[in-house]
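Once you've had a glance at the structure underneath, I'll fire off some questions.
For clarity, chains are labelled A, B, C and D in written order, and residue numbers in each chain start from 1.
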Amino acid sequence: MVPFFKIEHLEKRFGGLAAVNNVSMTIGEGEIVGLIGPNGAGKTTLFNVITGVYAPKRGKVLLKGQDIAGLKPERICAMGIGRTFQIVKPFSSLTVLDNVLVAAYRRTASRQEATDAAMDILRFLALDEKSATLAAHLTLAQKKRLEMARALATRPIFLLLDETLAGLNHTEIDRMIETVQQVRERRGVTILAVEHVMRAVMKISDRVVVMDEGKKIAEGPPEEVVRKPEVIKAYLGDDYGSA
Amino acid sequence: MTAGSVLPAACAVAAAALFPLVVRDPYFVHAAIMVLLFAYLATSWNILGGLAGQHSFGHSAFFGIGAYVSTILFIYYHVPPLVGMAVGGVVASVISIGIGYPCFKLKGPYFALATLAFTEIFRIVVTSTEQIGGIDLKGAAGILIPLQPGKSLLNFQFSGKTSYYYLILVMLLAILFVYRWMERSRWGLYLAAIRDNEDAARSIGISATRYKMIALAVSAFFGATAGTFYAQLLLYIEPALFSSAFSIEILLIAVVGGAGTLLGPFLGALILTPISELTRTYLGGGYAGVQLIIYGAVLVAVMMFAPQGLIVPLKRGWRLLAERRP
Amino acid sequence: MAVLEIEGVSTFYGEFQALYDVSLKVEEHALTGIVGANGAGKSTILRTICGLAPARSGSILHNGVPLERLSTFEIARRGIALVPEGRRLFPAMTVLDNLLLGAFSKPERESREKRLGEVLKFFPILKKRKAQLAGTLSGGEQQMLAIGRALMGKPDIVMLDEPSLGLSPKMVSHIYRILDEIRELGITILLVEQNVEWCLKKADRAYILENGSVVLEGPGKELLSEEGVRKAYLGL
Amino acid sequence: MTGIIEAAVNGILMGGLYGLIAVSLSLIFGVAKIVNFAHGALLMVALFTVYWILELLKVDPYLSALLAGCFLFFFGYYFQRLFIEPILKREKDTAALTVILLTSGLMLIIENSALLLFGADYRTVRTAYTGKVWEVAGLYIMQPRLIGFVLSVVLIRLLEFYLRRTNFGRAIRATSQDREAARLMGIDDYRVYKVTFGIGTVILGFAAAFLTPFYFIHPAVGDLFVGKSFVIVVLGGLGSITGAFLGGLIVGLIESVGAQFINSAMVESLIFIVFIACLVIRPMGLLGKERE
C-alpha cells in the first residue's frame, strides 16, 4: 500500500552546511507526529523543503505516492498540504475574516460559499467574534489561531504546524492542544508539528521524530523517545543520563 | 460603499460636475483637467502600487506607450483616438507582461531601480528614433497631432475645454469604481495577501507572480489610456512622457496622498498638481524651478511626518470631528 | 558584590512577551548559568542586558549604574561583552580586524597591543589565522575568535550565548576548557548553555528558565539533582 | 582601429571618474543600506562648490578639492543627520522606499534651488589643463582626463587604506557587515552612518574637482551621472569599493567604444539593459560572491 506521506533521503544544504541531512520518515493517514530537536536541528528547514520554499538537493517528498519535491509553494498547497509559520505571518491590513476568506477562495470561487466556510473555521477556532477586527490588532495567541484557521481554510489533508505554542501562556497552550486534537478528530487532518513545549508534544503526538544537526536521531512513541540516551544527550548534554 | 459615505461622495461628484459651469476661466478649467488626469493616472498606478504593494518607478512607460500608439494609429491609419485608446491600452498590457517577468523577481529598492531602468530605456529609444518602418517618430522633437475637421467623442475633438473636463471626470469615476471593485473582489484579496506577506500568500496557494502580473497589466492598461487622453488634450507628444522623472511624479502623487487607499491618489493630485500648474504660470520664466522646490518640500515633509500619505491624518481628523458632533 | 543585578525585568518582541518578571544576580568572579528549553527566553535575557531587546519594565544595574536607558553601544563601552548566539563575527574582515574591533572603545585602545598579545597567546590558533578572513574559519575557530574578540575589550563581565552550539564533540570540550581557563583568570561570566549537565556542574549559581520565567534557582550542583531540570526540558 | 583604441582609452579614463562617483554611492549604500536618489544633486553641489572656489579664490582645481571637501563633509553629515536618520530610527527595517522618495524630494529641492541661485547657464572653467592633450604612442589622450583618472585611483587606494587600517574605518566596515554585532563592540552605528555619508560627499568633491577642467557645470548636471552610478554599483556588487570602480571602467568603456558603432543614446539604453540583466541574473554583481 502507498503510504500517506513519505520522505526519502531528503537533503538540503546551505553553502557547505547540511541543514537537512539524509532524512527519511513515513507518516500514516490520521497520525499526529511531533517533530522535536534542539535549536538549529533543521526542523524548520525540513518544513520549508516539504512546503516548497526550498528545493531539496536530493531526495523525495511523496504525498500519497506522488513526488512533490521542488514544486512551488502554491502548487504544494493545492496538493493538500497546509502550514503555519513559526513567526506568525498574518495579512495585517485585512480583517480576520478576510484572512481566512482569501484562503477559502482557493477551494471555491463563490463568495457565499467561501464566506460560510471561513466563518465555520473561525467558529471552530473561537475567532468568530473577532471576524471584523484587523489581523494586526490581534494578540499573539489569537494570531497563532488565525494562522491555523487560514491553513485549514485551504482544506488540507496534511497540516504542518511550526511552533504553534511558542510564546503562549499555560491556559492558551491547553486550549491550543485541544484545538489540534480536534483538527484531527473532526476534520480528519494528518498533522506534523514542530514543537518545543514538551508537555504538549507528549500529550498530542502518536509518534515523535527527533532531529539533531540535520539528521533524524530517534523516532517512536513519545514516552519511549524521551528516555532514549541519544535524545537526552541531544537535549541535556553528554552524560546526563548516566550521571 | 457604506451608507455614511454615499452623501459626501454624491456631493463631491455634484460639485465636480458643476465646477466648469461656475468657473468659466479656461485656464482654471485646464488646471482642473490636469488635476483629474493626474488623479486618474495615479489611481492607475495605485492598482499595482497600492493593491499589490509593488511600488513601480516605471509607470510613465505605459503612459507614453498609450500616447504614442494612439497617435500613430490616428495619423497613419486614421484610427479614431477613442479606438486607439483601447488599442494603446492593450499594447501597454502586453508589454507590461514582458517588463513584469524580470522585475517581479526583484524586491524593494531593486524592483524600483529595475522599473526605473525600463522606462529610461523606452525614453532613450524613442528619443533617438526618427523613423521606424515608414512611421515618423521624430525623435526628440516629438509629434504634433493634426486637428480633424469633425468634432466628436470618437475623434476626441471638442469645441472647448469643458468637454475634456467631463470626459476625464467620467474616466476618473470609472477607474475609482474599478479600483474599488478590484479591492473588494477575490483578486483584490489575493493582491492584499501578497502585499502583506508573500510567503504566507503562497503557502495558502496563491500564485504571487500570476496575480502581480494581472495587477500590472490592468494598471498598464489604464496608464496607457491616460496617455491617449493627454495626447489629444495637448495635441503634442514627446519622449519626455516616458521619462523616469515623470514616473516618479506619478508615484509621488499616489504616495503623498496615500498609496493603497481609494482616494489617496486623488488627494495627492489635488495637492500636488495645482502646485505645478499654478506656479508654472504665475512665476514663469526665471522662477521655473520654484514649483519643483515646493513640490520637493511637500514630499520631504510628507515622508518625514506622514509616510503613510496625507489621507491618514486627514481621515483621523475627520473621525475626531465626527465624534465631537453629537 | 553583584556585578550585574536584574530586578523584575519583562521584555516583549512586539506584543509577544518573552520574559516575565525575571530577576537574577551575577556575582563578581563567579560563573552564573542560565539553562532552559528552546524558546524559554535565555538569549532574550542576554539581549535585554545589552539593550538589543530593551526591557519594558524592571531594572538592570551594572555596578550600581542603571543600564535600561542606555544604547547597546554605550552598554558595550561600560565593559559588558556579549559573545552572541551564532557568533556574529564580521565575516569579510580578517581575524586581526575582528579582534581589534573588540577593543574599539577609547579607554581600551591604549592597552590594545598588550591585550592582543595576551589573547593570541590564549588562542594560538588565532595567531596562525591572523590574516585570514573570519568567514573562512571553522566553526570552532570562529567560536574562539568570538570569545577572543570579547576579551579584547577588557570586559567587566563576559556573557556567552550557547558557545557550544553546532560544534563537534571534540571542539565542544575544547571550548569548555577555554571557559575554565577564562574563569581562572577571575573574569565574571554569565553563561547560557544548552549542555545542562556541564553548565550546572560549573555554575556557582544557576537559573532555570521556563516560558520566560525563572522557575528554579540555586547553586548549580544542587540543581543538577533536581527533578525540575529534567521536567523543564523533557516534560517528564 | 586607432580610433577605437583611442575611444577605449578615453572611455576607460572617463570610466575612472564614473567609478569614483559610484564608489561614493556604493559606500553609502553598502554601509547604511540607503538608496540615495539625491546622489546626482550632491555631485552638482560638489561641482558648484569647486567652481566657486576656483572663481573666487583662483585655486588650482585639484587643490580646491581639499577646501571643498571640508564643506562637503559637513553637508553630507547633516544631510544624513537631519533627513535620513529620523526615518531610519522610526522605520527600522522598512525604510528603503521611504528613503528613496525622501531623497527624490531633496533632489528636487537642491537642483531647483541651484537653478534659482545660479541660473540655467552651462558654465565651464579654463584651467591650465583644459583642452591639453598628450600624445602617447600615436594616441591622443586628454590631459585632464588622465590626471583625473590617476588621482581617482590614488583616492580610492587611500579610501581603502582608511577603511582597512584605521579604527573608524574598521568600524565602518563592521557596521556594514553586521550592524548589531558592531553595536556590541561599542560602535555608535548612527554616527558611523553620518560619517560615512560625509566621506561619500567628500569623494564627490574630489570627483567634481577632477571633472571641472574638462566638463561643464549646470544645476541638472547630476542627472547625467546618477543613473549610471546606480548601474555601476549594481554591476560591481553592492557595497564593494573595488567592484564599483571596475564597474565604472566597464561602463566608460561600453559608452565610448559603443558610440563608435551605434548612436550614443542607444549605447545608454544598452547600459540599462545590461543593468536589468545583471539585477536579475547576478544580483550579487559581476565580482561579488554568491550568498546563501
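Observations, loosely collected:
Heads up, the rule we're going with is that a contact is a pair of C-beta atoms (placed from the backbone, for glycine too) under 8 Å apart; a residue touches a chain by one contact, two chains touch by 3 or more.
Computed from a predicted model, the values in this text were never measured in an experiment.
Among the remaining chains, those touching subunit B and also subunit C are A, D. Steps from subunit A to subunit B, minimised over paths through touching chains, total 1. In this assembly, the chain whose C-alpha centre lies farthest from subunit D is A. For the pairs C-D and B-D, the count of C-beta pairs in contact is higher at B-D.
In this assembly, the C-alpha centroid of subunit A lies 49 Å from the C-alpha centroid of subunit D.
Centroids built from CA atoms put subunit D at 42 Å from subunit C. Per-chain CA centroids place subunit A at a distance of 32 Å from subunit C.
If you draw each protein chain as a dot and join the dots that touch, you get one closed loop, with every dot joined to exactly two others. All chain pairs that count as touching, in label order, are A-B, A-C, B-D, C-D. By the touch criterion given at the top, residues 186, 189-190, 192-193, 195-197, 199-208, 260 of subunit B touch subunit A in their complex. Within the complex formed with subunit C, the residues of subunit D that make contact are 164, 167, 170-171, 173-174, 177-178, 180-189. Touching subunit B in their complex are the following residues of subunit A: 51, 53, 72-74, 77-78, 82-83, 85, 89-94, 98, 101-103, 105-106, 109, 111, 150-151, 153-154. The residues of subunit C lying in touch with subunit A in their complex are 14-18, 37-39, 162, 165-166, 169, 194-199, 211, 224, 229-230, 233-236. Residue ranges of subunit D in contact with subunit B, taken from their complex: 35, 83, 86-87, 91, 96-98, 100-102, 104-109, 111-113, 115-116, 120, 219, 227, 230-231, 234, 263, 265-266, 268-269, 272-273, 275-276, 279-280, 283.
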